[in-house]
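One chain, chain A, links the two complexes that follow: it is found with chain B in the first and with chain C in the second.
On to the complex of A and B.
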C-alpha cells in the first residue's frame, strides 16, 4: 500500500473517532434524566417555555439531526448557560488545555526517554534506585500530586496556588501531569533499549569492539523508539484523563473544567463540544504517533 | 522456567488482590470509631502520636496523651502530658487527626476502603470477565465477527478513561444514593475497561487455537465452548493478572476523581474520593496536611499493585 493510502486511512479513522465520540457524548447527555431547563424553579409554564426556546422539547432524534446538520458547517450550537456559541467557548478552553498538555508531554518525553535509556542499558544500585523512583511516580496520580504540591506551595509560598498566568502557574499542573507519564515512558524505553541491545546487530557491534556507550547512544536508542511512538496515542489519552483532575484542582481554565460545569448543568451542546475537542486532540495524538512510527520504522507504513 | 513465570505472573498479583479483598471485608471492622461520629470540640485535631513510656518513665501498652482545643480561632491544641488514653477512653484518639467536623480520619480511611477498593476490585473482575468472553469469541470465531468486535474494542481503547466514564455518568441522574452510585460505577467501569482485556485474550486465543492440544481437542469432538473454556482461556491467566494490575489502580483513581468533582459518591459517605474533597481547599490543607491521608492510602495501594507487576511491562504485554 502507498504512503498516501496509509495516511488517508489513518485520517479517516481519526475523523471517525471524533464523530463517534462527539455523537456519543451528545446522545448520552440528551438521554439523561433532567435537562437544563428543569433547574428554572417550580413554575411549570416557565420551564416549558424555556424548554421550547432551547429546542429541548423536540424528540431526541430530531434534536440530534438538527445538531448534526449544523455541525457540518462547524456550528456546534449554543451553550445554554453562557449563551455563546459552543465553538468559541471550547476553542478558548481547548487552547489552554493544549498548552498544558503539550508542555507536560514535552517535559515527560525529555525526562522519560533519557531516563529509560540509562536504566535500560546499565545495572547497579543507582539504577535500581532510579527504577524505584519511576515506580513511585507511576503510582502517584495527577489528582493527588497536584493536591499535595499545591498544599506545599501554599505553605511555603514558592509557587502560585491557582489559575493561569506566567510560567510559574504552569509548574504544578505540568509536573503533576508529566511525572507519571515520564515514568510510563521510562518503563517502556528501558524495556525497548534492552531488547535493542540484545539484537544480533548490537551484539556483533559489541564483538567488533565498539563501546557499549556508543552502541546505546548512536544505534540502539533509535531502533528502540518504535514501540514508544506506537503508544503515544494511548499516552495522549492518559494525559487528558489526568488533565481533567489537574485542571479542576489548580483552577486551570481548560476543557476539563468546562466539561464538568457542562455536565453538572446539563448543558448538552457544550458537553458535546468539549467531547469533540477532546476527541480531536486524541485523534491528532494517535495520528501523529502513527505517522512518526511509520517515519522511524518504514515497515509500518508500507506493510 | 515455567514455574518461575507462573509465580511471577499469576500468583503474586492474586495474593495482593486477595489481601486487598480481605481489607475490603475487614478494614471497617478495624476502625476505632464510627466513620460518621463527630467529636464536639475537636475540629481539625492534629494526629496524636502513640507513646509507650509515660512522663514518669513507666512502660505501658501504646497510649496517647489527650488533647484539648486551647485556641479555637488559631485551632491550636494542647496536650495533657499527665493523662493517658486508649481507643476505649472517653476522649478521642485521632491517630491520623480529625477533619472539619471532628471525625476521625483513620476510621474514615479504613471504612472508605470498602467502597473505594471494593468498587475497583469488583469492576476490574467484571471488566476482565466481559473482555475475556468477547476476546475468546472474536479469536475463536475469526472472520467478520472478529474484525468488528476488535474494531469496537480499538475505538473504545483510545478513549481516555475519565472522559469515557464522565460521558456515561452524564447519562445518569445527578443525585444518586450510595448503592446506586456503586452499582452504576461497577457497570460503567466494566464497560470502559473490557477492550484492552478483549484484545489481549483474542491474540492469545488465536495463537493457542492453532496449537496441537486445541487441534487434538477438536479432533476428539469437543464443542467450541468447551475448547475455549477448558483449553484456551487457561492460557490467558497470566495476561489477565497483568491486566488486573492496570485496571484496579485506574478504577481507584476514577472513583476518586469523580467523587472529587461531585459526580460520584456524595458526602458524608466515606469514600477516598469524597474525603479528598475535604482536602480540596488548598489554604486549609496547607495547615492540616493529614487531610491528605486518603491520598496516601491510594498511593500506597497503587504502589503495592504496581510493584507486583514490576519487571513485566504491562503496556508492552497488552
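On to the complex of A and C.
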C-alpha cells in the first residue's frame, strides 16, 4: 500500500471516530430523562412553548436528522443556554484545552524522557528512588493529584488555586496532567534504553572504548526512540481529550467544564459539540501516532 | 545550589504574578469610612447565558445577579426589611382602592451611555416584558390573578400602574422589572428579536443600564468585569457619588469547594451565591479567628428542604389498588413523626440548621407562625398512625406490611451529589427503622425535573427557592392553580377542601391592606398546611456568609444575592 493510501485510510478512520462519538453523545443526551425546558415552577404551557421554540418537541430521530443535515456544513446547531452557535463556543474552549494539553505534553516530555534515559542507563540507590517516584506518579490519578496540589496552593498561597489567568494559573493543572504522563514516558524510555544498551552495536561500541555517556546520549537514545514515538500519538490524543476531570477540579475553562455544564442542563447540541471536539483531538492524536509509528517502522505504513 | 536558587526565584516570580491578579484596594478615606476606588472579586458558580433579564433563558440566578448589578428597577425591595423602597422612582402614591399606583421618577437620572431616563423607558420595558415574542420568564411573576399590569405615562416623570385587582404587596411587584433603554432596544423589540438581544457576546459599548456598574469585559468561561457606571444616580449620606468601587470582577468558579479554596487563598473576596456548606463552617471560623476572613450569619434560611408526595389524580389512580396509603394525610403525618430532624441537623448539618415543619421558616420573621402544627420525632405516634391505616408488621420481620401482606414501600427522587441527597439518605434510614422501605433514587436536576414534569414519581426530596419574604409574591406555590404547587400543580379546581380553603385565604390575604390582617390570614394558611401536610418540611440551614477582610459596607441578607444586593455601597478596604 502507498503512503497516501495509508494516510487516507487513517484519516477516514479518524473522521468515522469523530462522527460516531458525536452522534452517540447527541443521541444519549436526547434519550436521557429530562430536557432543557423542564424546571420546577414552570407551568406546562411555558414548558411546551420552550420545547417548541427549541425543537425539543420533535421525535428524537427527526431532531437527529436535522442536526445531521446541518452538521454536514459544519453547523453544529445553537446552544440552548448560551443562545450562541455551538461551533463558536466549542472553539473558544477547545483553545483553552489545547493550551493546557500542549503545556502538559511539553512538561511531561521534557521531564519523562531524560528521566527514563537516566533510570534506564544507570544503577544505584538514587536511581531506585527515582523509579519509586515514577511509580508513585503513575499510580496517582490526575484527579487526586490536582486536588492535593490545590489544597497545598490554597494553604501556602504560592499559586492561584483555580481558574485561568497568567502563567501561574497553568502550574497546578499542568503538573496534575503531566506528572503521570512523565512517569509513563520514564517507564517506556527506561525499558527501551536498557534494550538499546544491550544490543551488539552498543556493546561493541563500549568495547572500542567509546564512553558510556556518549553511547547513551548519542547512539542508544536515538535507537530507543522508536517504541516511544509509536505510543506518543496515543498519549497526545488521550491528553487532549482526557483532561476533562482536571479542568473541572481546577476550574480551567476548557472543554471539560463546558461539557459538564452542557450535560447538567441537557444542552444537547452543546454536548454533541464538546464530544466532537474531544473525539477530534483523540483522532488527531491517534493519527499522529500512526504516522510517527510508520516513520520509525516503515513496515507499519506498508502493511 | 544555583539550581535551587533558580527554583526559588521561579516560585517567587509565580507568586508575584499571582498577586497581580488579586483585587485592588480603594483609596484611603480621610475619615476612615468608605472610600471610592479599588475593586473586589466575586465568584459565580455558573456563567450568565445572557445579559438580558427578559430572555427566555434568563431563569437563572447568575442572570439575576448581573442584572441587579447593571440595571435598576422603579422600586427595590429592601432585602433586610422586606419593605419596598424608592429606587428609580423617588416616591409613589396608592389610590384608596389599592389598585392604582402613581410613581414619580427621579429627576436627572441617565443611562450609563448618558441618555436621560424617562417614563418612556418604563413603558417600553413593560411592553417588552409582556410581549409574547419575547417569552420572558419574568412575565408570569409580574401579574395579578394572571393578568398583566396596565402602565401609563402621563408625562416624562410620571408612571401610573394599574393593578387588575387589589394586591397588598403593590409596588414590591416592580422589584423584578429592570428598566431597559428604549433608545437601544426598541428596534430589537419591533423586529421580534428582543429575546436574543444583549447576549454575552454583545459588545459592551452597545449596552447601557441604570445600575451601579456596566459590563466592561466578558471572557467566556473565566470572568466578567463590571466597571463603575459614570452616570449612576445614587449618592451616599455624605453626598459621595456611588458606587464606591471602580470595578467588580466576577470570576466563574464552578462548585462550592473551588470557591472555598479561592476564598481561603485570597483570590476572591466574596461569593455571589454566598452560602457556605456546613462542613466548611468550622474551618472558616478558624480563619476568621486568625483575622483572615470575616463571617456573617444573617439567620435561618428561607429555603428549607422538603419531602413531598405525588398527590396528583394520576398518582392516586395508579396507587389506588396497591398503595392507597401514599395519598393519605395520616401516612404523611406518620412519616413526619418518624423523621428525627434533630438527628439530621446534628449529623448532616453539624448543628448549622434548624428543624422546620412548614414552608415558612423562622428566618421569615414577618410571616412565620409559630402556632402552626409541628411534628417532633415520635416513633410511637408514627406507628399508631400507620396502624390506623392497616400498616403493621404482620410477619415479625421488622418491616410493615399492608392487609394483603405487601411491604410498605415507596421511592424518593432526589438530587445526587448534594446535601439534599444526603438528607434523603438519612430519611431513608430513619424510615427503615420505622418499618418503611424507601428506594432512594439520586438524579441530576434535568432528570429530576423530567420525572417531576411527567408525574413519574412517588415522592421527591428537594429544596424550593423563595424569592421574596411576602407570601403574596409566592402565590404560585400556595394556590392550587400554581405551577409551583408541587404536590399537585396547575389544578383546574382545587382537588381538596383544604386546598380550596387555602386558595380563598391566600386571595384574601393578598388583597387585604392591613399587615396585621394579612398575618392573621396567613397564620391560618400555615395551620391548614401543617394539618394536611402536602409537603413534609425537614430542616432549614443557618445561613453562613464568608467574605475576605477587604470587603467593606456589606449588609448580608437571607435572600439572593445575599451580599451584592447592596453592591453600590460595597467598598474595598
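Rule of thumb we're sticking to: the second predicted complex is superposed on the first by the 287 of 303 C-alpha atoms of A that agree within 3 Å, B and C clash if a C-alpha of one lies under 4 Å from a C-alpha of the other, contacts with A are read in each partner's own complex, and residues count from 1 in each chain.
One rule holds in what follows: a residue touches a chain if its C-beta (ideal position, glycine included) is under 8 Å from a C-beta of that chain, and two chains touch if they have at least 3 such contacts.
Note that this is a predicted model, so its numbers are computed, not measured.
K.L.:
Looking at the superposed three-chain arrangement on chain A, would you call chain B and chain C a clash or a fit?
P.N.:
clash
K.L.:
Let me test your reading of the model: by the given contact rule, A:47 touches which partner, first (chain B), second (chain C), both or neither?
P.N.:
second
K.L.:
What is the contact status of A:96 with respect to chain B (first) and chain C (second): first, second, both, or neither?
P.N.:
Once the two structures are laid over each other on A, A:96 reaches chain C alone.
K.L.:
Have a look at where A:32 lands relative to chain B and chain C in the superposition and call it first, second, both or neither.
P.N.:
Both partners, chain B and chain C.
K.L.:
Just chain B (first), just chain C (second), both, or neither: which does A:158 touch?
P.N.:
second
K.L.:
A:244 contacts which: chain B (first), chain C (second), both, neither?
P.N.:
A:244 contacts chain B only, not chain C.
K.L.:
Check whether A:20 is in contact with chain B, with chain C, with both or with neither, and answer first, second, both or neither.
P.N.:
So A:20 only meets chain B here.
K.L.:
Tell me which partner A:260 touches in the superposition: chain B (first), chain C (second), both or neither.
P.N.:
Once the two structures are laid over each other on A, A:260 reaches both partners.
K.L.:
A:143 contacts which: chain B (first), chain C (second), both, neither?
P.N.:
In the superposed model, A:143 contacts chain B only, not chain C.
K.L.:
Is A:204 contacted by the first partner chain B, the second partner chain C, both or neither?
P.N.:
neither
K.L.:
Looking at chain A, which of its residues have contacts with both chain B and chain C?
P.N.:
After superposing on chain A, chain A residues 32-34, 150-151, 153-155, 161-162, 248-249, 260, 263-264 contact both chain B and chain C.
K.L.:
Which positions of chain B touch chain A when the two form their complex?
P.N.:
Interface residues on chain B, with respect to chain A: 155, 157-163, 166-174, 249, 253, 256-257, 260-263, 276, 279-280, 282-283, 285-287, 289, 292, 295, 298-299, 302-303, 306-307, 310, 313, 315-316.
K.L.:
Enumerate the contact residues on chain A facing chain B in the complex.
P.N.:
16-17, 20-21, 24-25, 28-29, 31-34, 135-136, 138-141, 143-144, 147-148, 150-155, 161-162, 184, 187-188, 191, 227, 231, 233-234, 237-242, 244-245, 248-249, 259-260, 263-264, 271, 275, 278, 282, 286
K.L.:
Per the contact definition, I'd like the list of chain A residues that touch chain C in the complex.
P.N.:
Against chain C, chain A makes touches at 32-36, 38-44, 46-47, 49-50, 53, 80-84, 88-89, 92-93, 96, 150-151, 153-155, 157-169, 171, 248-251, 253-254, 257-258, 260-261, 263-266.
K.L.:
Quick one: which bits of chain C touch chain A in the complex? Just the residue numbers, please.
P.N.:
11, 14-15, 17-18, 20-21, 46-47, 49-50, 55-57, 59, 135, 137, 140, 196, 199-201, 220-223, 251-255, 258, 261-262, 264-267, 443-453, 462, 464, 476, 483-484, 486, 489-490
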